[in-house]
Amino acid sequence: MLSPVLRPGFIQLRVLDIEAAIVHYRDHMGLDLVSRHDGRVYLKAYDEFDRHSVVLREADNVGVDVMAFKMASQESVEELRRNLDRRGIVHEVIEPEEQPGVGERLRVHMPTGHLFDFYATMALSDNGPMTDNPELWRDDPKGMRIIRFDHCALLGDEIDAAAEILIECLGFSVTERVVDPDGENIAIFLSCSNKAHDVAFLKAPVKGKLHHASFLLESWADIGHAADLMARRDIKIDIGPTRHGITRGQTIYFFDPSGNRNETFSGGYHFYPDNPTRVWTTDKFGKGLFYYEQEVVESFVGVYT
Amino acid sequence: MLSPVLRPGFIQLRVLDIEAAIVHYRDHMGLDLVSRHDGRVYLKAYDEFDRHSVVLREADNVGVDVMAFKMASQESVEELRRNLDRRGIVHEVIEPEEQPGVGERLRVHMPTGHLFDFYATMALSDNGPMTDNPELWRDDPKGMRIIRFDHCALLGDEIDAAAEILIECLGFSVTERVVDPDGENIAIFLSCSNKAHDVAFLKAPVKGKLHHASFLLESWADIGHAADLMARRDIKIDIGPTRHGITRGQTIYFFDPSGNRNETFSGGYHFYPDNPTRVWTTDKFGKGLFYYEQEVVESFVGVYT
Amino acid sequence: MLSPVLRPGFIQLRVLDIEAAIVHYRDHMGLDLVSRHDGRVYLKAYDEFDRHSVVLREADNVGVDVMAFKMASQESVEELRRNLDRRGIVHEVIEPEEQPGVGERLRVHMPTGHLFDFYATMALSDNGPMTDNPELWRDDPKGMRIIRFDHCALLGDEIDAAAEILIECLGFSVTERVVDPDGENIAIFLSCSNKAHDVAFLKAPVKGKLHHASFLLESWADIGHAADLMARRDIKIDIGPTRHGITRGQTIYFFDPSGNRNETFSGGYHFYPDNPTRVWTTDKFGKGLFYYEQEVVESFVGVYT
Amino acid sequence: MLSPVLRPGFIQLRVLDIEAAIVHYRDHMGLDLVSRHDGRVYLKAYDEFDRHSVVLREADNVGVDVMAFKMASQESVEELRRNLDRRGIVHEVIEPEEQPGVGERLRVHMPTGHLFDFYATMALSDNGPMTDNPELWRDDPKGMRIIRFDHCALLGDEIDAAAEILIECLGFSVTERVVDPDGENIAIFLSCSNKAHDVAFLKAPVKGKLHHASFLLESWADIGHAADLMARRDIKIDIGPTRHGITRGQTIYFFDPSGNRNETFSGGYHFYPDNPTRVWTTDKFGKGLFYYEQEVVESFVGVYT
């Protein structure tokens, strides 16, 4: 099955202090602030066509409200709805303009406790990439030089059931899995595109938690630049610069002022649906997680929002 | 329409001196020599799962025999066949094992004079990427450190008709176009994936010609390394290192010993089918072609095989 | 003899339009504007301790007024004066504060028609590199991310005589030479440090001409970024990104709005005074000049100010 | 005073298993094995002119036998000898050819318990950098692509007295210092060149210990490649890729099979003797040590040979 999902479209995160979050996501990370509306702040990266890709909502607790995917067509959204009905999976409709510029969304209550939205229309940005005799960029990329919001990793208990929905109803492929000695999946990486992952599930006895929201950089050189900028501005680096064995991405993890984990990454292989699934066993999970350190860093797997 | 085409699968090129070609493609470019069979040499890049992606055939003239695409399933090949029949487009069947390890191919005679093959099965390579607790690579990439065969650019007259087949029958998207003052397309870039192009057509009053076969590198750093290696080994560089305005790829063009143009490139944007098409006009074509030089280099557009 | 010359300290260039020059050197190249004084504009790069390293003077013709070198001590300046006297080489004293913050300079009239100043004191900059628990930089480097003014290349007739002064009186080493078939030097590269060159002389039947003023970047990655920025802002690139065979530097040449040639470069080998001199012959001069293009580009050698 | 010391010339290390060490230094790090002689193995990096820069001696304990510096002339060695005599510092003569190709060395018994050799002559290598129409390199650099042996860091008690010898007798500059709350130096970085350090002393209640021997890479891109190679070949990484606050170098630390710590690094600022000394206080030492991690890693400061 060809996946009718184009890409992760946006993520809505809860932050404790919206002004501090703006400094972090706009000034340090370099995202464009699109608008403030209805208690939320909308941002996008310089190389994204759609209106926004990151939504911050001030709240008294942190984490992820919703992870949303752009689909190829409204027909594919309708097909998904029918499929969910057949399977008895809980879903609901989010009305158009609940976020400015975003059409109707089909919200799926995932077995891991996460809300996944699927939609086919979002307004184009006023300052997306140029299309008439386009320059490389409108302005020299700012801050960490983020290209786009790329993916997220989520923690929950029923990760096999969650993956099954994406695979069976939406044509996602499993690119990599980590299995414990009993053969149970403890991590599943899924792609709807040529990326090594568009979403990842990490098994934990929790519901609806966020491990990290990830943003694409151009190269290892920009990873180095981002690390310089983080250190200069005293942004706490969780780990990195390093490389993942899983996906092969080059990465830095750090935290926003509210404690939500961010990732900037580059590289990683290109995936095609006919590629074999890569499988990791727990004895090599350390190398899969961090290829250079070759060990499971407890603070990395144990801290989430 | 979602494209059922996964990727450019292989290209078969004609070379004048097969031994010199092996030195070039294996020793300088760093491809693995898979086998010699039936007057042909089969090669692959280190990060490709399938058996081969480049086929060299010794002949008394140079150029491209066939450009072949891997499809998601045999059903999608059959669907293409019916579609071609309806449209009255000439096609034929190439029997399995005409190339070792390759299943049945549906060969389309394109209006530009090129042969495009579509197939759903190829044997996996013995030394493709690892899948059990996979290392980054089996061995440190050799030569120019090529990741994969990526795309080709072809010259012909009926480029709109050729593009129409890929768009209408195979779900390709037009990522970029160059239009002359009369509004006619003089170059069309097409994608079946998240790449800025999987194949490009350049208009010229010829049939079945090759402009270049292109190979992916990891980064601008590897572009620099490849240029160093080319200069050190006195491989003639056509142009580069530079950047394209079109696709934004960072690139070097050079020639194999028979005069077929090769490209090594990195970067470029990620494409999604909902992205607007980028359009270039002839007055800015120079910047589209080579973003740094900002001019149309005659030897670049006028030399092909 | 150990060279008592520390480094190229500053260069004073003539420009036709000082406002356009400020846009170029400050906004595009990213130098800090230190002050305007006495019809001149003073600038520095972010990683330089001294007050200024580039001086622009508005005039009705372009080129270089003076190339100045910082020496290790006033005693070494005095020793130079005595040495010049013994040799009968014309020199004069430039009074302190002729440029703000700069001490007395010993001006040498070089046989090539250039003015070379030697001085031991310049005021420290207010925003040079930090020294107490120093951060990597005060602010993220701007524009082309230039680290420092690095060297210049000059055209003139009596290049052997000019080089002799630097070698005999000032302990410079010849790092590389280009010789014509008669064994005459047509280019001489000289170092007073661990750099592959601090100044270069190119033979031409002229007096006192500038080929280029060169600025250091961190890496090939920053060379790529600078090329992107130049193209985006329609700054005319003369040649590059490419690599020199001579010095091995990775480079881009471009012009300021008045037509003075600038270079941004990175890399190149580290030189020690016990290293052998590298010698190029005219048949390989093309590769020495531009390692990738492997040819002498006439516009490059024939255009100067 | 201008330093008559050109550079760190070679280091002689003790290893437990010479065959394992050869695999590490030659095959993994990519140094050329020059010769085996008298129980010792001599190696050099591809971009060094002199015969060798690393000497490995099999022994039943590990660490550093001697750190040796190349001087500008035999006269400067003699001047040093007189200076040491005046100061009553213990020294001795090592006869020519004690190491093949190396002339007479003046050995200084440093107050920190280290042996420092100073010499003016070493035979040129047969495969050093080319000098007649030189190519970038003879062969594509191997392994970690090390350019040269660069510096070492040493542990000992009397670090101020050791530094004083280098400063007073040999014209070294202090580039950076770390001071404790009592104003005592706990680390001193010294340069005889344009490098941020040619040798460093770290205070510890020991004599003659090695913290690490360091090797230069070209860029952050090569740091990434070296990390990939280390992980692929299961070479234990101590820390990195990261950046130092002190010197600003980008770095990876790892161990040879005997437990001697190696560093590969790139970047860092260029130093001139008129630059102010950078001073770190203990509260910021973490950031000075590892700019990204911003903390003193105990295993890093506590493990040495």
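Per-chain numbering from 1; labels A, B, C and D assigned in written order.
One rule holds in what follows: a residue touches a chain if its C-beta (ideal position, glycine included) is under 8 Å from a C-beta of that chain, and two chains touch if they have at least 3 such contacts.
Note that this is a predicted model, so its numbers are computed, not measured.
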item: Interface with more contacting C-beta pairs, comparing A-D to A-C; value: A-D
item: Inter-chain centre distance, chain A versus chain B - centres from mean C-alpha coordinates, in Å; value: 31
item: Averaged-CA centre spacing for the pair chain D and chain A, given as whole angstrom; value: 44
item: Approximate Å spacing (C-alpha centroids) for the pair chain A, chain C; value: 48
item: In chain A, residues with contacts to at least two other chains; value: 135-136, 219-221, 228, 231, 243, 287, 291
item: Graph class of chain-chain contacts, one of line, ring, star, complete, other; value: complete
item: Partner chain D, residues of chain C touching it in the complex; value: 2-4, 6-7, 47, 49, 70, 72, 124, 129-136, 148, 193-195, 218-221, 243, 245, 248, 267, 269-270, 272-281, 284, 287-288, 291
item: Residues of chain D that touch chain B when the two form their complex; value: 135-137, 140, 219, 221, 228-229, 231-232
item: Residue ranges of chain C in contact with chain B within the complex; value: 220-221, 224, 227-228, 230-231, 234, 237, 240-243, 250, 287, 291-294
